[in-house]
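Both complexes shown next keep chain A, but they swap its partner, so chain B is in the first and chain C is in the second.
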Partner chain A sequence: MNLTNSKYPPSVHKNARISPQLVFFLIVGSQVGVGILGFVRYIAEFVNQDSWIIVIAGGLGVHLILWMMFSMLNKHGGDLFYLHHKFFGKWLALVPSLLFIVYILVTGIVVLRTYIEAVQNWMFPGLPTWAISLFFVALTYYIVSKGFRVVTGIAYFSFVLSVWLIFSHYFPIKFGHSINLLPVLSYSFKDYFEAFKIMVLSYVGIEYLFAYYPFLHDPKKAQKWAHIGAATTTFFYLLTTISTLMYFSPKQLQRLTWPTLMEWKIVTLPFIERFEYIGITVFAIVILINLALSLWSSSRGIHRMFDIKQRTALVLLSIILFVIPVLFTNRVEVDELNNMVGKVGTYLLYGYIPLLFLISLVKKGEQK
Partner chain B sequence: MKKSLVLLLAVVLSSCAPKEVLDDITIVKSIGFDLHPKKDHITGTILFPIFINEETFKINHLTATGETAREVALELNEMTAKPIFAGKVNTIMFSQKLAEKGILETIDTLQRDPGIGRAIFLAVTKEDAKKIMTHNFELTNTDGNYFSHMIEQNEHFSNLPRLNFHTFLYAYYHNNMDAVLPYLTLKKNAVKIKGLALFKGDKMVGTVHEQQLLTFKTLIEPTKEGSYQFATRSYRGNLEVLKSKIHYKLFQKPHHHVLLEVNVKGRLNEYTKMDAGDPKVIKSIEKNIEADLEKESMKLIRKFQRLNIDPLGIGENVRARTRAFNQKEWKRDYKDLKISVDYSVEITEAGIAQ
Partner chain C sequence: MNFLKSILTAKSAQKGSKETSLDTNILWEETGISDWKTGYIQTLINLERFDQEVLPFLQKNQSLSISEMFQQLPITNKKWCKNPDNQTINELILQGNIALVKRSSKDMIFVPIRKEQSLRQISVPEVEFSVIGPKEGFIEDIDTNLLLIQKRLPTSSLQIDFLEIGTRTKSKVAILYLKDVADEENVNTMKQRLSEIEYDHILDSSYLVQMIEDNKMSIFPQFIDTERPDRVVAALVEGKVAFLTNGSPHGTYGPVSLVEFFAAFDDYFLSWHIASLFRIMRIFAVIFSIFATPLYVAVITYHPELIPDDLMSTLTTSRTDIPFPPVLEALFLELTIELLREAGARLPTKVGQTIGIVGGIVIGTASVDAGLTSNVLLILVALSALASFTTPVYRMSNSIRIVRFPMIILSGIWGLLSVALGLMTILTHLLALTSLGRPYLAPIYPPRIKDWKDSFIRLPFFTQKERPKQLRVKEKEKINWWKKRDIDEFD
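Moving on, here comes the complex of A and B:
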C-alpha cells in the first residue's frame, strides 16, 4: 500500500476528460434521485404551505457550497484527496478521506435501497431485494468499469430520458387547490430551520465533484454549467413541491410515503391508465446515474488514496453495494438510513466544506 | 463476455416476479359494499367480465360476506376461477345504510392497495349496492363501465361537481373540510343521480337534493358546465351555465362574516314566454335567478351549519386568508358564523332563436 499517490494532483489524459457543458448532466444526475418521490412530505411536516420557500433556500445554499468547492479546487487544483493530503499531511488526511469515501458509498446504498422499496411496494411485492440489487449493481459495475466518460454519457441519457416526467405535474396542478399555498410565511424560524436541515438530503450529490474535478476540461467554464445544473435541480424540486402541496391536503400528505407516485395515479392518458408504473420504471435510469457516480467516486477515492487499481476497488465496493441493501428489511430501517445520510450530508455541506474552504484560503495555491 | 453476462442476468432475473397475464386474472370493474345483518359484517359485491371467446364477454357478479374488505376479497377469491385483480376498478359503491355507519375501514383498505387508482369514482347508493349492481341493465352495462361513465359524464357536462376517490380522501383528511360523494338510486332500468351524500368524517349524515346540485357546484368550484332550471309564477326556463367563478370575502370586524361572491355567466336555453329578445326582460330574469340561487345556497349553507359540516371548504378558504388561523375557535364558531352569498348572473346569449 502506498499513501503517497494523493501527494500530487492527478494527471488525467486529455482524451479522458469531458467538456465543461457536460457537468450540467453530472450535477443534475447526482442530485436528483429517488428522494424526489417523497421529500415533500418530510419538509411539509414542519412548514406545510411554505415548503416551497425551503426548496428555494436549499437551492441557494447549494450554489454557495458549489462556489466554495470550485474556488478551492480552482486555486489548488487536483481533487479532494489531494487537498486533504496538502492541508493535513499524509497520515491525518486518511481520516477525512476515508470518511468521505464511506459517505459517498452510503449515498449510493441509500438510493438503491429506497428505490428497491418503491419497486417492492408499488410493482412487485414478491421480488426479492437481492435480485433488484444484483441487477442494478451489475449494470452499474459495467458502466463504471468503462471509465468516467461513459458515466458522463449515462448522466446525459438519464437526464434526457427522464426529464419529460416533469410534464406529469400538469395533472395534479390542474386538479389542485392554489389556496393550499396560502398564507405565506406563517411559521417560526425554528420550523424553517428544521425543514431546511431535512431538505439538504435532497440536494446532496454535488460533493462527487470533489472526485471528478480533474476530469473536467476548462474547470472555470464548467463552474457555470454546474451552477446551471444546480438551478435546474432546484426548479424540478420546486415544481414537485408546488404540485404536491396543491394536490394533497396537509394531513393526507402526511399519510403518504411516496407523494409523487400517488400524484401519478391521477395521470390518465388515452394509451396508459396507470402512469405510476411508467414513472417508477423511468426512475430506474434516474437512480442508475446516482449509483454509477457513487461507485465511480468512491472507487476513484480508494485508488487515489492507497494507489490500488481503481478496478480492484470497484469490484470490492460493488460487492458492498450489492450486499448492504439486502440487510435492510423494513421501512423503518430504510427511513433511519435516509435520516442518517441526511444528517451527515448536512454536516458535510454546511460544516466541513466551509471549514475546508477557510483552510484553503489560508494555504498557498498551486504554483504555475 | 461481460455483455453476455448482463444479458443473461436480465433474462434470468426478469422471471423473478409473479406475472399477471390479462387472460389469467379476474378483472374487477366495480365493487359494492353493503351492511350485513350479522353484527360488524359487510357484504361485498364485484362485477367482472367473463370472456366467452375472444370477442364476446358477459358481465358476471359475485357476492361474499366478511368483517373487513380484505376478508371479503379473500372470500370472493375462493369463488373465482382466476385470481382477483383490482387494477381496473372504476366504481366503488357503498349503500346508504353502511355509509351512515361509517366506511373508514373499507376506505383504508382500498387506499392501501397500490392497484386501486385515484381517478376512480366512489358513490353512495340509496338501495343496497348489491341490488343496483346485480340489477339486469341489459344493454346499458355491457362492458362494466356504465356506472363510472354515467358519473363521469355528469361531472363533465352537467351539474355534478368533480368528485372521485382522490377528492374524497382530500376532504376526508382535511381539517377544514368534509367529504361528499354522488348519491345514486335505482330506476327501472337505469341508475340515477339523486343528489349528493354529505359526510361527517367517515359517516354519511345527510344529502343534497338533485335540484340543488348546480347551486352546490357553483359554490364549491369554478365550473364551465351545468344547467339550472328556474321558475316563477309567470314563466319557466333553463339557464345553461357557461362559466361560474367563486370569490371569498372576509369581514373580520365587528364579527366574523364570510361572503361568497359567485359570478355566473350563462345562456338561456329554455324560456316559456316569447319576449327574451328584450334587454329589460333579460335583466329581470337575471335578477330572478340571482334571488333564486341565493335562496337555495343559503338553504344549503344553513343545512351544513346545522349538521356542523363544511363540504364547501369555507373553513379552508378562511384559513388561507387569515394569518394565525385558530382552528379550534373556527370549529367552535362555525355553527353560528354569519355566511352570506351574493350571486351575480349574466345572461350572454338567449339561444339561437329570438
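Moving on, here comes the complex of A and C:
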C-alpha cells in the first residue's frame, strides 16, 4: 500500500478527458435521482404551500457550494484527495478521504435501495431485492469498467432519454388548483430551516466533482456549464414541487410516499394507460447514472489514496453495493437510511466544504 | 496469444535456415538460341508475346553479355538479379516473370510477361443498387478497382500505399487516402494494423476487416465495406482512410460512426428533404426492429394494464387459445423468420424467392390457424424483420437482427424494467466502441451538433461547409460556393 499517490495531482490522459459542456449532464445526472419521485412530501411536512421557496433556496445554496468547489480546485488543481494530502498531510488526510469515499458509496446504496423499494411497491411486488440489486450492479460495473468517458456518455443518454418526462407535469397542473400555492410566507423561520435541511438530500451529487475534476478539459469553461446544470436541476425540482402542490391537498400529500408516481396515474394518452409503469422504467435509466458516478468516484478515490488498481477497487465496491441494499428489508429502514444520508450530506455541503474552502484560501496555490 | 506467436516465428525461422529448393513447377527450357535458357511456369505466362517480342531480339543480339542484354531488351519493368538465391527465383517466377539465363553467368533477367486473366465485367452494384447515380461496382481485380477510384479523383494528393498480406496467398492490399486531408494518426493506425496481420490466407477484404477491428468481440461492424467506387471516393474526400484488397469486390473505409451505417449512398443523389426523410425512416425502422417484439412481450406478459381497453380486447382475442407464454411464442416466430431468410440466402435467386413466399404465407397462416401463434405477434415479427432489411449496409442489418434475440429473452424476465436495462447495456457497449480509435457514436455522443447536418438527416449541400470533426482532418473546410443574396439583389 502506497499512500504517497495522492501527493501529486493526478495526470489524466487527454483521451480520457471530457469537453466542458458535458459537465452539464454529469451535474444534472448526479443530482436528479429517485428522490424527485418523493421529496415534495418531506419538505411539505414543514412548510406545505411554501415548499417551492425552499426548492429555490436549496438551488441557490448549491450554486454557492459549486462555486466554492470550483474556486478551490481551480486554485490548487488535482482532486479532493490531493487537496486533503496538501492541507492535512499524509496520515491526517486518510480520515476525511476515507469518510468521503464511504459517504459517496452510501449515496449510491441509498439511491439503489430506494429505487428497489419503488419497483417492489409499484411494479413487481414479489421481486426479491437481491435480484434487482444484482442486475443493476452488474450493469453499473460494466459501465464504470469502460472508463470515465463512458460514464459521461451514460449521463448524456440518461438525460436525453428521460428529460421528456417533465411534460408529464402538464396533467397535474391542468387538473390542479393554483389556490393551493397560497398564502405565501406563512411559517416560522425554524420550519423553513428544517425543510431546507431535508431538501439538501435532493441536491447532493455535486460532490462527485471532487473526484472527476481532473478529467475536465477546460475547468474554467466547465464551471459555467456546471452552474447551468445545477440551475436545470433546480428547475426540474421546482416544476415537480409546483405540480405536486397544485394537484394534492396538504393532508392528502402527507399520506403518499411517492407523490410523483401518484401524479403519473392521471396521465391519459390515447395509446397508453398507467403511465407510472413507463415512469418507473425510465427512472431505471435515471438512477443508473447515480450508481455509475457513485461507483466510479469511490473506486477512483481508493485508487488515488492507496495506489490500488481502480479495477480491483471497483470489484470490491461493487460487491458492497450489491450486498448492502439486501440488508434493508422494510420501508422504515429505507427511510432511516435516507434521513441519515441527508444529514451527512448537509454537514458535508454546508459544513465541511466551506471549511475546506477557507483553508484553501489560506494555503498557497499551485505553481504555474 | 504471445505463446502462439512465438511458436510461429520459431517455425518460420527454422524454414529460413534451410536452403529452399527450386519450385518443381518451373519449366527450364533451352531457347534454341546459343547460350540462352528460360525458366517459367506455363500457366502464368503469355508465351505468344514472349515468342513475338523477346525471342526475335535474343536471336538478333545473341552475343551480348547478360548485363548488356538487360540494358537493351525492349521490355519495361524487367528485373536483373545478381546471383539470386532459390527463394527469389521462386518468388519472381511465381509472380509471372520469365527468367532469362546465360550459360556462363549466374545472374538472371526476369521479364514480366504475365498472362492477362480475363476479368469479370464491371457491373451494376447488386447490394447497394441505386435508381439514380453511377452504376459501376467494384470487381475482383485490384488494378481495375484502383482505376475506378483514380479516374474519379485525378489529384496528386491521392496517396496509394501497397502492402502484401497473407504468408501464403500474398494478397495485394492498397491503402488509399488524401495526403492533405486525412489525419495522419488515422492513416498510421490503419497501416499499422494492416501490416501487423500474420495470417496464412487472405481471400477477401472481410478477412482483414475482422482482423483490424478495434473491438473484435463486438457484434457491431466498425468499418464500412461497399461495392460502390463513388462511395469510397466520397469517404476519401471527407478525410477517411480506405483500403482495397486484391480478389475482393469491396472497398473498406474507416473511421466510421454508427449513423453512417444507416446512410444509403442514394441519399446524396436525391433532394435533401427526401433523403432526410428516408434516413429518419431507416433509423426508426432499426429502433422498431430491435424493440417492437420485446416491448410486446413485456407488456403482454407483465404490464397488460398499460394497454387501453379497446386495444386490449383485440390483443386478448388473438391470444386466447395460444398455449405458450409470449416469450416462447415470439422466439419461435423470430427463429422461423431467420430460417426463411437463411434458406432464401443459400438457394439460387428464383428458388429462394419461391421459398420465401411459400414459407412466409403457408407457415404464417397455418401457425395462426393451428393456434400456435397470435396473428398480432406475427404482424409485429414480420414487420420488424422487414424493418431490419432497410439498413443499407449488410453487415449492420445482420447485427441488428441478432441484437433482437437477447432483448426478447430479457423482456421475458422482468418486462419493461429489463428491456430498459438491456437498452442501457447496448448503449454502454456502443459508447465504449471505437472505429480506428474514434468514438463510434459520434456525432450523437460526444454531441457535435455541427456534424448533425449529415448524420441522421442530410441537409442541403450548401450547409455542408465543414468536414466532420470526428475525423480530425487537416483541411476542415470544404469549398463553399453558396452566397446569400439580399432581397432584390443581383450579381
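Following the convention adopted for this analysis, the second predicted complex is superposed on the first by the 368 of 368 C-alpha atoms of A that agree within 3 Å, B and C clash if a C-alpha of one lies under 4 Å from a C-alpha of the other, contacts with A are read in each partner's own complex, and residues count from 1 in each chain.
To be clear about the criterion, a residue touches a chain if its C-beta (ideal position, glycine included) is under 8 Å from a C-beta of that chain, and two chains touch if they have at least 3 such contacts.
Given the structure is predicted, the values throughout are model-derived calculations rather than measurements.
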| item | value |
| --- | --- |
| A:E273 touches, of chain B and chain C: first, second, both or neither? | both |
| Partner chain(s) touched by A:F135 [first = chain B, second = chain C, both, neither] | both |
| Touched partner set for A:K309, first chain B, second chain C, both or neither | neither |
| First (chain B), second (chain C), both or neither touched by A:Y156 | second |
| Which superposed partner A:W122 touches (first chain B, second chain C, both, neither) | first |
| First, second, both or neither for A:G147, with chain B first and chain C second | second |
| Shared chain A contacts, counted only where both chain B and chain C touch the same residue | 123-124, 127, 135, 139, 142, 273-274 |
| Residues of chain A touching chain C in the complex | 18-19, 21-22, 119, 123-124, 127, 132, 135-136, 139, 142-143, 146-147, 149-150, 153-154, 156-157, 270-274, 277-278, 280-282, 284-285, 288 |
| Partner chain A, residues of chain C touching it in the complex | 302-303, 305-308, 311, 414-421, 423-425, 427-428, 431-432, 441, 445-447 |
| Interface residues, chain A side, partner chain B - complex | 121-124, 126-128, 131, 134-135, 138-139, 142, 145, 175, 177, 179-180, 182-183, 186, 248-252, 255, 262, 265-266, 268, 273-274, 276 |
| Sites on chain B touched by chain A in the complex | 2, 5-6, 9-10, 13, 16-18, 87-88, 114, 117-119, 162, 166, 169-175, 177, 316-317, 320-324 |
